[in-house]
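Listed below are the structures to be examined.
Here chain A shows up in two complexes: once beside chain B, once beside chain C.
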Partner chain A sequence: MTDVAGAPGADSAAPAPEPAAERRRSETLHFARRNPKLLIGSGIVLTLLLIGLIGPFFIDHDPNEYVGPQSQPPNGEYWLGTTSFGQDIWAQFVHGLRSTFLIGVFGGGVAFVIGTAVGFLAGYKGGWVDEVLNMITNVVLVLPALVVLIVAVAYLDARGVLVQGVFIGLTSWPWAARAVRSQTLSLATRDFVDLARLSGRRTWRIITAEVAPNMSSYLVMTFILLFGGSILIAAGLDFIGLGPTNGVSLGLMLENAVAWSALQLGLWWWFIPPGLGITVIVGSLYILNVGLDEVFNPKLREL
Partner chain B sequence: MTLRVKDLKVYYQTLRGDVHALDGVSFDLADGEIMGLAGESGCGKSTLSKSLIRLDSRMRHVGGTVELDGENVPIADDEAMVPLRYHEISLIPQYAMSALNPTRKIGRMINELLRSRGVRPGDVADELRRRLELVGLDPEVLDRFPIELSGGMKQRVVMVISTLLNPSLLIADEVTSALDVSTQRSVAESLVEFRDREYVRSMVFVTHDISLVYQMADTIMVMYAGRVAEKAPARAVIEDPRHPYTRMLVSALPEVGSTVSGGRLEGIPGTPPGLLNPPQGCRFRDRCPMAFDRCAEQPPLVEIEPGHWAACWKTGE
Partner chain C sequence: MWRYIGRKLVIYLLTFVIAVTINWMIPRFMPGDPVRSMLSRASVSDPQALERMNAYYNEVFGFDTPLHQQYLSFWGGLLRGDLGVSIMLYPEPVTDVIMRSVPYTLAVLLPAILISWVVGNRFGAFAARSKVLDNTILPVGYVLTATPYMWLALLLAWALGVVAGVFPVAGGYSYALRPEFSWVFVSDLISHWFLPFLSMFVVALGGWAIGMRNMIIYELEADYSNYLQALGAPRRLIRRYAFRNAMLPQITGLAVQLGTIIAGALLTEIVFNYPGLGTLILDSLNNRDFFLLQGIFLFVVVGVLIANFVIDIVYVLIDPRTRVQMTGGAA
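So, the complex of A and B:
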């Protein structure tokens, strides 16, 4: 077939027609750099993450140690002041951020993996697979998750951040599964999915190549919502005294602040940092998600 | 003989019983033949074209055989059909607009498809470029997302993809119905060109548009209520239709055939029968002006002239 004159690349060593991976990357960067929502959201999240990751290395005492004068407002030595016992709030905040991100990643991650796997399989396979998975989903959905969590967490002797995260993940996946399932149901009837099925590709290949990329922003949003949700559930558990034993978290800080009447005593530097921390993390994750959607969805791109 | 369909019966399963969507369809398709498949909505056109490549979950293969190049096509066995698809039997989907994954660049999508068919993308890269140029597309489209192309461009891309592995049989299911008239023409011309260059051996072109099919097809098969009414060379169907249904269908067309004008166009009174409990005998009997006693018996599909088949008691006379 190389006898057609001037056919491009007829006798050169056939360059793989994989269309320029380089261009794709630079294209994504091009749009990413110009999206204020993405920049602001990821900026805040990364800053807080960095504080949580690096901060504890610069603090040489235990966050729960009584190190300083009691009930000090923020000052040069104790940046966020001290509690009514003389604990360094900055140290607590930094450690708390770390465990908050851990909870988000583990709780959100576990819930995301279970939820999307169940949702994709149920939506794509349909039939009895769908029936069974949907039934399980609905059963878990109507379990009073917080009560189960309280019971489960209360029975554990040593509670770590990871265990708490896994438990949160195991109870918070159903709505993600339902959401992913309904999206998959509508995508699975599209012609291009049908044509991929026609070519006899394996189920997981079709799901990862044809279905998932078309709802990538949806998936990222699901993860971010689960991430934020885990943080909030963990804060709730901490707040009622079921947080990590001997640990520090933003929720535990809030619990202590309330337990020792920081509100009534006007110690605002005790409860505002953890409360604001949780709010800012979850809020900027949402902004980040909107930005990501605009960058990766070619239909939303603006030149 | 490329394709030989014998007494094919495919039913849809419903709660109220089987819908006899294809009830004993027989026809042959020769090498290099482009067959137009025409008929009213619900006559079994789409069911036939789907049956040839894949039955969907509600469709049941009840009887009859399909042979392609002398080999039996296991249409009821989805697994066994996989190796045949794209290599032997290929399909141009109805809506090219939605046939391309919007999140994949076209080149990447084609590569994935080729790999799933066991073909190394590098081996056909040159051929792919050549064919894109043949249909008037810049090979640069490989580096674009589907939304960057117009409807006609997408349709041409899909045509190139469907025929890239040189299938024996190409099924084009209403490929022109979503396009404007001039694009329709270029798409139809490209399909004929593909046949002439032997990218595809033969083609079934499903359409409502008899005037378009008259210009490009070699033969036309008219279906009615799950059966073949008439199959004949395109010219014969338009100029000398034998089956009363074909006659009424052709007389309902404004453009084709002789340029008689002035008279009001006639429609066909009535509607096709429901296929849940199809009537006995000739299924066109209730709407047919020529119906007589014998029509209570099913008329066989007979060859009344070489290459001209019709299923009507009156044609033999």
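So, the complex of A and C:
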């Protein structure tokens, strides 16, 4: 894509990029299929996603319903045991997985949109736009996200996954904006961007058509990190008791376990699965990200 | 250098103003009526008392004056160190309640941050470019950074506290003891402190190790490393140079990670019922004590700003390039 500089034969240049792009794609696939980190990471994430998506359809009772005997350790009927109220932990876990992925998509999505928009604008426009946006980014970066969220969410009477996601997104975008900005800065001075600017394209078109595709792998990785980050923040919020009202999530399970002293009663099956679920999802996301980095970045491939 | 520090100071000042403004805005512009929600929590049935409480809260928030005046008087109170009166522990001022908890939070937070940073950096530098270590430490590090703070705290409390019974799992010190400066009390304090510290330390460790490992690999590919290698310099020497260069981004990383680590400390405290700010946040939430909650928010923000500023100064002291810019040399 970067060799648009060979401008003379405009008509011959048009068909040329296609096979090149195809070759690049198959090359990427070639390395992707041989990268254990990518395969293991995405395998685990997809498996858990499937459980979260399909699992709830096989459970015919509400996850918060008191269905079974109280404080049962894992057994054949209740796979992960029951709480001290007789709630089915497996049902809670499956529903919790679903809401964990949801919050990741919402929170990570909002943060990604804000972060990349700010980063692109600041990096591409430069000048006072950059100064102002950079200032805002630095200010939000310094504010401790979870503490701001606690104060903001505490005043909400009814909380849902959607609202939580939007709030998380609003506070966790700054590092993404910084990263995208520095990448954009290095791309904005390239010849093909100049060419697009000379041809009178709109700023937004140049950013989406010329700048963004050249850092697409970078953007994907940014989104994955934001996704994982907002899962962790949401778990923290849920744990303090600011989770979705009347909902189920892995963080809320942890909160309940602590609130009803599962620790002192030795009900390890109540607090180990939800935390393990979060850790495994986010950890696999990070490892998957390293794998992606190795696939996209030829310098890291020999390692 | 002064320009650099001055710029940073402007940003911190701005952040403080914005934090205070957020703090002022949230109870006023969020959907829902905080006064009513506080009253409903108090569950007073006597209509006359209800009326009086309503009037009191409206006066405290200053809801009957115009908005800009509310804002200014909010600042006025703040600069006098007046954050209001706690509802939960009426009639103690919020500042006193917070001040009692701050030492506990700092006692867990500061050692955990500093020691995990130093140890994590050593580990990361050690692991870089050696295949076996790289393949073991790296995944472990990623899993550690992905661990929610409260979950590791729960695991440790369960394994070392409940099952093994080595450490106490709740409180800042035994209720049978009175705070005094004696060996019994201090050792009790330390045994209560150890588990929260350990779980903070372990979670924070992974991130630093990974960051350092990546930076070292980057530095080992730099020209100066290749040059030294070509000269036949010993491996240890090249490593040492790379380590010093890789240190700088790690210091910036410390500033960026601060918010996450503090959040982690708050969550860890809740698990251990440790009498720091985290437990205080939970209590104030459960009691709908919004004055206390907002006071804690401001305290944490100020703490983060001060820490950021200290890190900036350390950075200037360590990195000669920021000083060179001041004298205008070596353009």
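The definition used in the following text is that the second predicted complex is superposed on the first by the 234 of 303 C-alpha atoms of A that agree within 3 Å, B and C clash if a C-alpha of one lies under 4 Å from a C-alpha of the other, contacts with A are read in each partner's own complex, and residues count from 1 in each chain.
By definition in this document, a residue touches a chain if its C-beta (ideal position, glycine included) is under 8 Å from a C-beta of that chain, and two chains touch if they have at least 3 such contacts.
Keep in mind that what you see is a predicted model, and the values were worked out from it rather than measured.
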(request) Could you say whether A:F239 touches chain B, chain C, both of them, or neither, answering first, second, both or neither? (result) second
(request) Could you say whether A:S216 touches chain B, chain C, both of them, or neither, answering first, second, both or neither? (result) first
(request) On the superposed three-chain arrangement, identify whether chain B or chain C touches more chain A residues. (result) C
(message) Applying the document's definition of touch, where does A:R190 land relative to chain B and chain C: first, second, both, or neither?
(response) first
(request) Go through chain A and flag every residue that touches chain B in one model and chain C in the other. (result) 299
(request) Enumerate the contact residues on chain A facing chain B in the complex. (result) 1-2, 4, 7-10, 14-20, 23-24, 190-192, 194-196, 198-201, 205, 209-210, 213-214, 216, 298-299
(message) Looking at the complex, which residues from chain A come into contact with chain C?
(response) 135, 138-139, 141-148, 150-152, 154-157, 175, 228, 232-233, 235-236, 239-242, 251, 254, 257-258, 263-264, 266, 268, 271-272, 274-276, 278-283, 285-287, 290, 299, 303
(message) Using the touch definition from the top, list the residues of chain B that touch chain A in their complex.
(response) 53-54, 79, 82-83, 85-86, 91, 93-95, 98-108, 110-113, 116-117, 121-123, 125-130, 139, 142-143, 145, 147-148
(message) Could you list, by residue number, the parts of chain C that touch chain A in their complex?
(response) 11-12, 14-15, 18-19, 22-23, 26-27, 30-32, 34, 37, 134, 138-139, 142-143, 145-152, 154-155, 157-158, 161-163, 169, 221, 256, 258-260, 262-263, 266-267, 270-271, 281-282, 285-286, 290, 293-294, 296-297, 300-301, 304-305, 308
